[in-house]
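Supplied in structure tokens, the structure appears directly below.
Labels run A, B, C and D following the written order; every chain starts at residue 1.
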Amino acid sequence: MDQFKKLAPLIVAFVMGVFFALQYYIPHPFTDDMLTGMSKWFIVIGGIAMGLGIVSLFYSHYYKIKRRTPAWGFSFVMFIALFTMLGVGIYCANAEVITETGKQTIYGWLYQSFMVPLQSTMFSILAFYVASAAFRAFRAKTKEATLLLIAAIIVMFARVPMGEFVYAQIPTFQVGGVTMPPSIGDITGWIMKTINMAAQGGIALGIYLGIIAMSLKIIFGIEKSYMGSTK
Amino acid sequence: MHKARTLIILLSALLLVAIPVVAQDKAQLTPPEGFTAFDTPNDIGNSISLVWRASASNQEGVNYIVYAAPSETGPWIEQTRVLSTLGYKSDAPQYFGLAKENESWHFCEITGIKKDINDENPLPVTATTYFKLSVSNGIDIIEFPGIVSAAPAGNWFDTSKLNVLIFVSIFSILILYFISLARKNPNLFIRHIPGLDAIEETIGRATEMGRPILYLNGLLDMSSLSTIASTSILGKVARKVANYDSQIMVPCYDPIVMSVCQEVVKESYAEAGRPDAFKEDNIFFITNDQFAYAAAVDGIIMRHKPAANLFMGYYYAESLLIAETGVATGAMQIAGTDAITQLPFFITTCDYTLMGEELYAASAYLSREPLQLGSLKGQDYSKGFIILVLIIGTIASTAGSAFFINLFRTF
Amino acid sequence: MDSTIIGGWIAAGLTLFMFSSLYKDNPFYRFGEHLYLGLSVGYVILKVIYANIIGGLYKPLFEDHQYLLIIPTILGLSLYTRFFPKIAWISRITFAFIVGYGSGLTIPRIIAGGIFQQIEKVITPLGKNGAAWWDIFSGIIIVIGVASVLIYFFFSVEHKGIINKISRVGIYFVMIAFGASFGYTVMARMSLLIGRSYDLIEFATPKYYYASIVLLVLIVLILILYETMRKKEEGSENNA
Amino acid sequence: MNGFLKKMANLDKRVIFVLISLAVIIPLLYPLFIEINVNPEVKAVYDTIENLPNGSTVFLAMDFDPSSKPELYPMAEAVLRHCFRKDHKVIGMTFWVTGVGLGEKALTDIAKEYNKEYGKDYLYLGWKAGGYALVIQMGEEGFSATFPVDHYGRETATMPILQKISHLKHIDYLVELAAGASIGTWYYYGKMKYKFKMGGGCTGVMAASWYNLLKIDWINGFMGGLRGAAEYEKLINKKSKATRGMDAQSVSHMLIIAMIIFGNIAYFANRAKNTN
């Protein structure tokens, strides 16, 4: 039985892996149906699994309230928000608008007035963080860091009208029929299309090989840490 | 007045005579040759292909008309018209390959049978269907003698994907070969990856400071390879954490990933001989919403002030939201991601960043298992192979050969 | 007060709550964070109930009689065996099912859609646009860049000598690329902040009864009060 | 001096945050109106509307929601200003139910600026379920058959604006402001059949792919992101939200660059001191 416990998942992973790798080459409706069927299966598995997450979340906040850990009141806020959303959503049958009239339901209003500003504010905090990260990290301590910061400065400068305007004040001259210096848009375009593309291409190819190796190790049972076993 | 009328009559007569003459001139119609029907190759079984040799009368204004019928006796219904200047086999390399002669064969794919020419909802072809072909110049119609038939069928191998199969084989053989080699000769050299060497130090530091370690798995689910790689690294990290008697917190974005992480960490503690020290509550679910997750993780970082933050897996815009908050608390930060768009932000906010493939190499590196290291060697040879292809391919295509460009075409 | 004005006050308040984290962790941020967490989980649960459970399982199973859906139901439920240590191993089959599926699906597709696509991009004829020397140069730079970055990722070779030199070149490519991407992204991020700022400015108009300004002043005052009280508490604790 | 350099090199983050907020908010309130070069694809949209005879009809599809409001809303305002100034008639609608209020606000606000009369000079159809089917129906059966009542619930059949312009084929220009893939719907079910001219605007992220649409003639011009909107504002000589936004972009970008440079100067000065 112990042997079976260990082997069963490995067999499942192998069969699933080999089948869906081969599926790519087989246009037959049978395998095609399997592929679309599988996406439906995962919707079911994912839905049922969400219960685990909810249990975990409820437990940790219930625990905070029960033990009166510092600032446990915020866990109350969490529960109130959760049940309000849930209750209103069920009341409106999960419809943000009434289909016939296009009128917003109270559920839609809740989403628009609470979720949307919260979401876009969290997202916009990135503007501050981009600045503080740039200030702290872009120091010409090493050759690599210098390249990083120069490239960033050039691109930032070129992206905005003020940069374009300042750059346009530089007098241009002709060298063999070519205007020098090239426009700042062309310079950043070249960096993005050449250097950036090459570096991203190299990194991506490495990633793809890493993914292939990882997949093979899983299919052949060499990598099984996802089962908790590191042996 | 009289003259004018005569002139008009004369002119009309001339025109009447001239039109057929002009038309005749335009269309020396030759009947199409080599008309055949067959099941479309490389498909799921919902279409029939018709091909015929391009006729000598091909020119602007000449059409081929395709008729279909459920039996040899009809009724024949016009299905489609193929302009003689368009619709060649060479337009469908996914079915017929890249052979030069495809340019002189017409091709028409029938996926549905119309009840009449204006039918907008043709019935899908499922059974044997009969076809006739004629060529027309708008005035004359010449029919191809003979009726052809075919039935659609699902195919068991897509030959247009042969090139992919070959490369899957090459990479698989390389990687599996070096894995099997490592079984025999387990002493493999692996270069240093500073970010991974730092993990040990980081955990030690966390123990000294009496603060936890925060570990994130990224935002993708368990079927994604970066998440699998991340949980695998978590196993190795958790084992060290157990050895050092430190604490690890894993806030999760996906409930299944959470379950896997609980399992992985639990096993790691057991293997380290500290099953009693494992706290399942430290691996918990937060939410499945990107920015709510980021807000909550930021809260955890600001309040628990972890000694170290490890971000492994795939991230989106929240990467900087979380990592920059971590900087403020003075935590040691190590990131590993294959999200290329987020790498610049991790590089600027973390002490160490595992870039792309290094994320996938990390678990092999940390475990030092020969089989895992063997796969790294196989990956290296694959990279060498790709470099060769890039150099030779560029030279060849510059020299005018389309071989390599065609080799990497996908359909 | 109609619902747009109430909505404006809520939006202005929540925006300022979340921004307050830039100062430091504080009760306003914690409130916003927990509110957001609760709302988002409620939203996720709704989506799961309606899309996954009712739409994905209940209807197809009981109305369209797709009985095969019992298999994923069992697989999903088996995840709950984790609560019973004796049969907890069953959940691993579901893990293996998902992981195996992901692995198999990925291999050919990442070669066709990833590796092939990248190679195809690189091996274009050099200088196809009238063979301008600049295009040829750029083409060569791309090949060198991709190759040197790949060499940087060599794991089984010690990085010294020529390999070290080439992989250094690879790192230079990577650094320029990251710097450029970073700079390129700044604009998108600033756009988000500009959007938020416009909203706050709008909520500061008389139409919304100066919501942003009133709330900002209130939040700042309360934070100052909170900080001084906390400092006092800490001070008295230290004295004691 | 020494202390100052150290402070500069390790500036408190909160100082940076305050500077960034100021760099964004001040230009929004007190714009600088920095010159912007107008790209040909934006000029093309402007020229089309400019060259239509006064009183032509422009259909404005505002297919976005609040999340892309910063970029697309200024475009809607600028295009509306241009249309109303030329006395064109405007029919507005949206495919995005979450954006239905935005379209309404843009139309009402700008119409007020130009004293336009609802139902005669402009009309807001609003949102209705149906997606591409709505486009087909507007083409085949007409606007008032598709939307018997407008956004406000008023009957459309009797509105003066729809008397001459009853079907999609009657419009002179369709401007599609898109945060998603809705342009395909307008092209396949609308433009392909009824042959009206089409132009538009998209988010900055989508701009690269819209250049391709320009090449294959789906559209005759477009505005890309906030910058595209600012260019349009320059063309109609009414600098507003987008231009201010671009000013904020300029100032904040330059601020970040300046901070990086000062940070480096302070860092090297410190290091030189320390090694001495």
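Details
Operating definition for what follows: contacts are C-beta pairs under 8 Å (C-beta built on N, C-alpha and C of every residue); 3 or more make two chains touch, one makes a residue touch a chain.
Just so we're clear, the structure is a prediction, and the values are computed from it rather than from any experiment.
Which two chains touch most often is answered by the contact tally, and the pair is A-C. Centroid analysis (C-alpha atoms only) places D farthest from chain A. Between chain B and chain C the centroid-to-centroid distance comes to 22 Å (mean Cα coordinates, whole Å).
In whole angstrom, the spacing between the mean C-alpha positions of chain A and chain C is 4.
Rounded to whole angstrom units, the spacing between the C-alpha centres of chain A and chain D is 27. Residue positions of chain A with contacts to 2 or more other chains are 21, 24-25, 42, 45-46, 49-52, 54, 57, 112, 116, 118-120, 122-123, 125-128, 130, 132, 134, 136, 138, 148-149, 152-153, 156, 159-160, 200, 203-207, 209, 211-212, 214-216, 218, 226-228.
Residues of chain D in contact with two or more other chains: 13, 17, 20-21, 24, 249, 252-253, 256.
Under the contact definition stated at the top, the residues of chain B that touch 2 or more other chains are 161, 164-165, 168, 171-172, 221-223, 225, 228, 256, 259-260, 263, 286-289, 291-292, 295, 343, 345, 347-348, 355-357, 361, 376, 379, 383, 386. Judged by the touch criterion defined above, the protein chains form a pattern that is neither an open path, a ring nor a star, and not fully connected either. Contacting chain pairs (ordered by label): A-B, A-C, A-D, B-C, C-D.
Interface residues of chain D, counted against chain C in their complex, comprise 13-14, 17, 20-21, 24-25, 28-29, 69-71, 204-205, 225-226, 241, 245, 248-249, 252-253, 256.
The part of chain C that touches chain D in the complex is made up of residues 22-23, 186-188, 190-195, 197-198, 201. Interface residues of chain D facing chain A in the complex, by the touch rule stated above, are 11, 13, 16-17, 19-21, 24, 34-37, 66-67, 97-98, 100, 126-129, 151, 227, 230, 246, 249-257, 259-261, 263-264, 267-268.
Chain contact summary for the complex, chain C toward chain A: residues 3, 6-7, 10-11, 14-15, 18-19, 21-22, 27, 30-53, 56-57, 60, 68-69, 71-73, 75-77, 79-80, 82, 89, 92-112, 114-115, 118-119, 121-122, 138, 141-150, 152-153, 170-187, 189-190, 192-193, 195-196, 199.
Residues of chain B that touch chain C in their complex: 161, 163-165, 167-168, 171-172, 188-191, 193, 221-225, 228, 256, 259-260, 262-263, 286-289, 291-292, 295-296, 298-299, 302-303, 341, 343-345, 347-348, 355-358, 361, 365, 373, 376-377, 379-380, 383, 386-387, 389-391, 393-394, 396-398, 400, 404-405, 408-410.
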